[in-house]
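There's a structure below that I have some questions on.
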Amino acid sequence: MEQFLQQLTNGLAVGGIYALIALGYTMVYGVLKLINFAHGDLFTYGGYLGLTLLTSLLLQGRLGAVAGVLVLAAMVMGLVGLLGVILERAAYRPLRESPRLSAVVSALGASIFLQNALMLIYGARVQVYPEGILPQTAVSVLGLQIPLMRIVVALVSLVMMAALYLFVQKTKIGTAIRAAAIDQGAARLMGIDVNRVISLVFLIGPALGGAAGLLVGLYYGQVNFTMGWIYGMKAFTAAIIGGIGNIPGAMVGGLLLGVVEALGAAYVSVAWKDAIAFLVLILILIVRPTGLLGERVAEKV
Amino acid sequence: MSALLELRDVTKTFGGLTAVNDVSFDVAEGSVVGLIGPNGAGKTTTFNVITGNHRADRGTIRFQDRSLVGMPTHRIVSLGIARTFQNIRLFQQLSALENVLAGRHCRTRAGLFAAMARPPGQAREEREAVARACSELAFVHLSDRTMELAKNLAYGNQRRLEIARALATDPKLLVLDEPAGGMNEQETDDLVQLIGKIRERGITVLLIEHDMTLVMRACEYIVVLEYGVKIAEGPPAAIQSNPKVIEAYLGTEEA
Amino acid sequence: MNRKLLASYALAAAVLAAAPFLLDAYWVDVLNSVGLYALLALSLNLILGDAGLFNMGQAAFYAVGAYVAAILSTRLHVPILWALPVSGLAAAAFAAVVARPVIHLRGDYLLIVTIGMGEIVRIALVNDVGGFTGGANGIFGIARPSVLGHRIRTPQDFFFLIWAFVALTVFLFHRLEQSRFGRALNYLREDEVAAEGSGVNTTRYKLMAFVLGAAWAGMTGSLYAAKMTIISPESFSFWESVLVFIIVILGGSGSIPGVIVGAFLVVGLPEIFRGFATARMLVFGLVMMVMMVFRTQGLLPFRPVRFKESDVPRPT
């Protein structure tokens, strides 16, 4: 039982991270119908930038642990969000009218570019986060010793997701995003500046991804330049599970995937952990391609 | 003797909307039947259900006494029903000839092995298919455009090319979805002639049209739908004076 | 086939035939790599270029072929060239089974599924499923092929074997292009609804495209196994699938000469700039982005010329 609860909470923490990244994929797909292959790399940038800022600005020394990390997070999110906006302008906007495959190839090219740029700057080795940024203690919950960091990661993810959900559901701009995702043409006719909406989506999505990267760095203590690929694929799976384009779906999908994976690794096999995500992906696509919460898209004949 | 095509109580619902509601009618062999009605009446959906693009929720569709419900579209084509589309679906990047050749696909057999090994039967089959495609192109007066890419053809020519492709499948029933869409008076005239010639070949025609003059001239029997329900059927004269039909259209008769 | 193309092929063949005698072993080996990627690109071209199916998991079929050949060679001592058709069949069978449940999926979704399948295959290989894949270390000790008693060992020997296979493939695939089968694939790519509505069994042809493309990738896999004598899961990663995908798109989707040229550029050019390692990858990514903006159709888009005026019967 204890093992189960430990893995469950672990799954929720990892799932929270997947969800944050998944949101980036799903929001972009919602408005552009494009799989942003470079999103995983933006997530990686979050982890690396966090490291650089941390070690160069020594915020935690100046502002204390919590405030320091919050400022750090804000900076990382801002920077990665900016990178996202630039990416959209450079790689996707010129291809709005082009066939779908072109955008896919461009996305791949952008991913290759970003990944290698990172490697050139930081080198290929794993980069380690400095120790002791946040207390490594365990907290006693219902008689279990659960690492504090795990709770922090899970909570932070949930808070961000809630914030995004409220933003998209309750604010005017959020509604504009939802409108553009349903029908870009109609949204434009309603007076919505679709270009701005798209830029905003490419600001928020990558920002969340960057935050996830920072969380990974803090939670696991290290970052490496291939983490974008693995986390990216899984987050993408999560987005599909929830229904690509569906924001609450991405959240549910991420958490679900994290938990299934953690339990699978513990009770089935660690070696096949990564395969679980892909198997789930394929099963979902065969059985219910629109995802658990998604909508059906029919083609008019 | 049963009709070539029989629909009985055909119903199709999309989500909350019943697009086709308990529609029944017959298409007699050798006739030209028109399916008309205001926009949103369910005409194209009815066609889609006949050709297998959608599956009817209820009802029967019998073609030469065989049920079509649940049959994949390409099989329905092999059985002898060919169609054109409301929004012209040609293979834009391919030539007119290649487009019409697509119609010969279901009447030819060469497979993968024949493609690579080129046995003599295959070469003959290809020649015959090309010859047949060319004769269909001649039939719709597009011979001079044989090698031209579909996307470069004028709109009216594209519509005729689609008909040529459908004719190439050796259909017994030709289903035309708004064949005169976007055509001017001269082109519409030519189309009426063409439909007449198709009929002379022994092919039955079922068409959807908004252009009333074409419908009245070309069709010998008309079925009228409104909001998914059949409200009238009969010869053109009867339909023209039918008060329910007039009300449904409220004078939107196109000159 | 049109005369200009035939002449180009003849010229290219002449130049290539001379290559092993003029270049040193390293560059001949580079050309061997180009040849293998050309074969992979041709195999993917059937699926992606001709049929228009988004497939980013071609490496999975490549792997199945390579591993089947390797296992037949190391465990059953089957001569590697006999394993070639078996590899092809194995990959084809695998594709038939795996593609069936997902073949109806819309473009983007199919892309994702193929990525997933590629990864599952790779993970299965690493985890030594069934106990005969050798896990992460792979399989070594694959025998060299021999043709009519002559053992194929050196890069020069492999050059002729690989490029002969390329020539055969080009010949057969051009025939396919000019056939009812090839046309059906194009109809399905251009407009699936119209194709089905014209009487083409689109499901069947999509599957056949996958199966045929897989068969060729599988056979290429056995050639690869024979050349390297060692294979491991790393050679069949997602990156390999992406590379082949890029070759097809950049070279000219649907165009046989296009994808061959694509293979030369994508595999050969970086070799010329080997000194620049990471920077060249950077440039590669940049080129991809730029090309899509300025030349979406690829370098050598080549519309198959079917039927000349003389083929068309004219009324007398």
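When the chains are written out, they are named A, B and C in that same order, and each has its own residue count from 1.
Everything that follows uses one rule, which is that a contact is a pair of C-beta atoms (placed from the backbone, for glycine too) under 8 Å apart; a residue touches a chain by one contact, two chains touch by 3 or more.
These figures come from a predicted structure and were not determined experimentally.
Trainee: Report the chain whose CA-based centre is farthest from the CA-based centre of chain A.
Mentor: B
Trainee: Which chain wins if you rank chains by how close their C-alpha centre is to the centre of all protein C-alpha atoms?
Mentor: That would be chain C.
Trainee: From the C-alpha centre of chain B to that of chain C, how far is it in Å?
Mentor: Once rounded, the distance between the two centres reads 40 Å.
Trainee: Per the centroid of Cα atoms for each chain, what is the distance between chain A and chain B, given in Å?
Mentor: 49
Trainee: So the centre of each chain is just the mean of its C-alpha atoms; given that, what is the distance between chain A and chain C in Å?
Mentor: So the centroids are 34 Å from each other.
Trainee: Two-or-more-chain contact residues of chain C, please, as numbers and ranges.
Mentor: Residue numbers touching two or more other chains: 193.
Trainee: What positions in chain A touch 2 or more of the other chains?
Mentor: Residues 301.
Trainee: What parts of chain B, by residue number, touch at least two of the other chains?
Mentor: Where chain B meets two or more other chains at a single residue, that happens at 53, 85.
Trainee: Which residues of chain A touch chain C in their complex?
Mentor: Touch residues, chain A against chain C: 33, 35, 90-91, 94-95, 98-106, 108-117, 119-120, 229, 233, 236-237, 240, 271-272, 274-275, 278-279, 281-282, 285-286, 289, 297, 299, 301.
Trainee: For chain C, which residues are in contact with chain A within the complex?
Mentor: Touching chain A from chain C are residues 54, 101-102, 105-109, 111-113, 115-117, 119-120, 123-124, 126-127, 193, 238, 242, 245-246, 249-250, 253, 278-279, 281-282, 284-289, 291-293, 296.
Trainee: Considering the complex alone, what residue numbers of chain C touch chain B?
Mentor: 172, 175-176, 179-184, 186-187, 190-191, 193-203, 208, 212, 303, 306-307, 309, 311-315
Trainee: Help me check something: in the complex, which residues belonging to chain B touch chain C?
Mentor: 51, 53, 72-74, 77-78, 82-83, 85, 89-95, 97-98, 101-103, 105-108, 110-112, 114-116, 118, 122, 125-126, 129-131, 134, 138, 143, 146-147, 165-166, 169
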